[in-house]
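Below, each structure is written out as structure tokens.
Shared between the two complexes below is chain A, which pairs with chain B and chain C, respectively.
And now, the complex of A and B:
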């Protein structure tokens, strides 16, 4: 048996993620202009959008792995789904915390029970419960099957988060595909800033989204490798136990 | 000896849903345990919430739509657990699986019968809430939103409960899994219901988005249920 080695792709992606993340951070602090109404606080925005983006991307990956698992059960897809949900939860938490830190100066409160914020919290809870479900099932095959079904169901919360912000009135600005709505919201005085003020901001945002995506990719590969190592250790352990029993 | 021809799945699909519903309703008719437990539990919940709100009737009235939904959700978990766990315990569910019935017919049959139980509970709750909080819960659109919400909630609930009863922690796991998943439904449903609590009826445009969110949820959950249910009940 060969242990899951740190392969070349993972190494390259690890380094690329660190480098691009460093560039993105540099751009956020030194390249992007100061926003007129909010000042430096707005710089949180790049980080916030990046982590929210990775959050939904990770849950999409989990959904796809869930569907693939149901079509053809294999440990590979189960591991991918676990890794994606775990990482998605971390990034969603970062999005919530960074949003909250931004909300204090912008909305003068850490938290608002607006539809979008509520929906994101719900999604967070739904995905956290994924691990409760996994922990309650011993049989490996059944655990894989049930968690694949659950990961498909819980994606409904992500879909509804995206839909609700577009049809319910909300204080939270729409970033992805929402230029029209945010412009409209701004004219109604609903939102603090309408879209992005300058080209520099757009470039910084794109670089930080790319950086976060690379971090996600690298993290996924490392997490999957870690799971494979855990599995292999388990197999070796049971083999040793069997051998010891044979000697007695 | 000739074997009787097995009718194709398509032609027996709706009749078998109806048969499963009738079976559940008959059990309920004989024992009456599911609905009565749900009703008792909801009454206790409503009274308990009133302790939290104190004697402030104004505040209680404001919160009554949310309270109604919270009560339905909590009582719903009891109904789901009871109706599905009882089959698991008596191993009658295995018999259902052996029967030449499409898995989705079992799923829909269960969704419809447990929805009916929950609707029976809601009929009682609506009267209780009108008496306690003096709000127009009897309005047809309110009842319609209640029915739509219940259907979506139970559609998700049957799927989740079928999984949770097969795990180690069983009853404990159900609310943890199901309640977060039902919140995206309850949020717009409660918004729509509270829009109808004022003396004047709201404009359609005011409730349109909330009601369409409820509809989207129902559709998504039933679709996911139909596609994944047979993976959940596989031995």
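And now, the complex of A and C:
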């Protein structure tokens, strides 16, 4: 029953995530300046980028877990991959929804089938299908192996989502390392918002990204713990079933 | 004429940063809702698993006592 209790690291990470998230929120609304073109609605951007970053990080963790599982099959890598994909999907959903809400005042539409938005939809669907694949295979060893291969291949959609705005004409702003692309896009009238205006914005964005990364870490530990508890319960259920069969 | 309209529009945007605040609220509300749904789902799944775990341990203990 040791598993049932929260361990010290999980507790510390849970508290740290809440504290840094509160600091990030405070900075977003009281420290970061108003963006000149869009006004206050640009403040969505700090959580939008944070959630998109953590979504990508989660799928990277799933990719590494998949590779590790194929190298040396172990339940812990499978569990890590499941937790990472599940949490990645939650953060990707947050990024998509917040982006859509930001898009309405910025582009005058909730959704556009631009390369970035199309690729992120494909990525979301690919990772959602991961759970369908797992649900369709009963044998644990086969399920782990197939899931590992699938999660490795699926990461292509994340890479394509990242590079889509850099290699294709897109209305979506390039935030990181894309000064030239942003300037080009802005000059072509493609982008309303073309970057971070001030150092205060950059600092706020960094704090948001750190906050979301901590939330990701905390959720990962909690989700992995839940999976271990589930596995433990399954083992006990099998023992009970065996005993009951023996009695009959 | 075009320049006048464009500069008027730009001025309006720069002087009214609150015009899209409803979208700001909607965006944050949507993100928090998604996050909270996930946290609640984690808590519920954990509660159910704990119940199952306790029940299984209880059955096994009772079974052990009966055997003795």
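Everything that follows uses one rule, which is that the second predicted complex is superposed on the first by the 243 of 248 C-alpha atoms of A that agree within 3 Å, B and C clash if a C-alpha of one lies under 4 Å from a C-alpha of the other, contacts with A are read in each partner's own complex, and residues count from 1 in each chain.
One rule holds for everything that comes next: a residue touches a chain if its C-beta (ideal position, glycine included) is under 8 Å from a C-beta of that chain, and two chains touch if they have at least 3 such contacts.
Small disclaimer: the values here were computed from a predicted structure and weren't measured.
Contacts of A:223 after superposition: chain C is touched, whereas chain B is not reached. Using the contact criterion defined above for the overlaid structures, shared-chain residue A:236 touches chain C, although it does not reach chain B. In the superposed model, A:18 makes contact with neither chain B nor chain C. When both complexes are overlaid on chain A, the residue A:37 reaches chain C alone and has no touch with chain B. In the superposition on chain A, A:68 contacts neither chain B nor chain C. Residue overlap on chain A between its contacts with chain B in one complex and with chain C in the other: absent. Those residues of chain B that touch chain A in the shared complex are 156, 159-160, 163-164, 166-169, 173, 176-177, 180-181, 183-184, 187-188, 209-210, 212-213, 216-217, 220-221, 224, 227-228, 231-232, 234. Those residues of chain C that touch chain A in the shared complex are 13-14, 16-21, 23-24, 26-28, 30-31, 34-35, 38, 42, 45-46, 49-50, 52-53, 56-57, 59-60, 63. Looking at the complex, you find that chain A touches chain B at residues 70, 115, 118-119, 122, 125-126, 129, 132-133, 136-138, 142, 145-146, 148-150, 152-154, 156-157, 159-161, 163-164, 167-168.
Against chain C, the residues of chain A that register as touching in their complex are 1, 4, 34, 36-41, 43-44, 47-48, 51, 87, 90, 93-94, 97-98, 101-102, 104-105, 219, 222-223, 226, 229-230, 232-233, 236-237, 239-240, 243.
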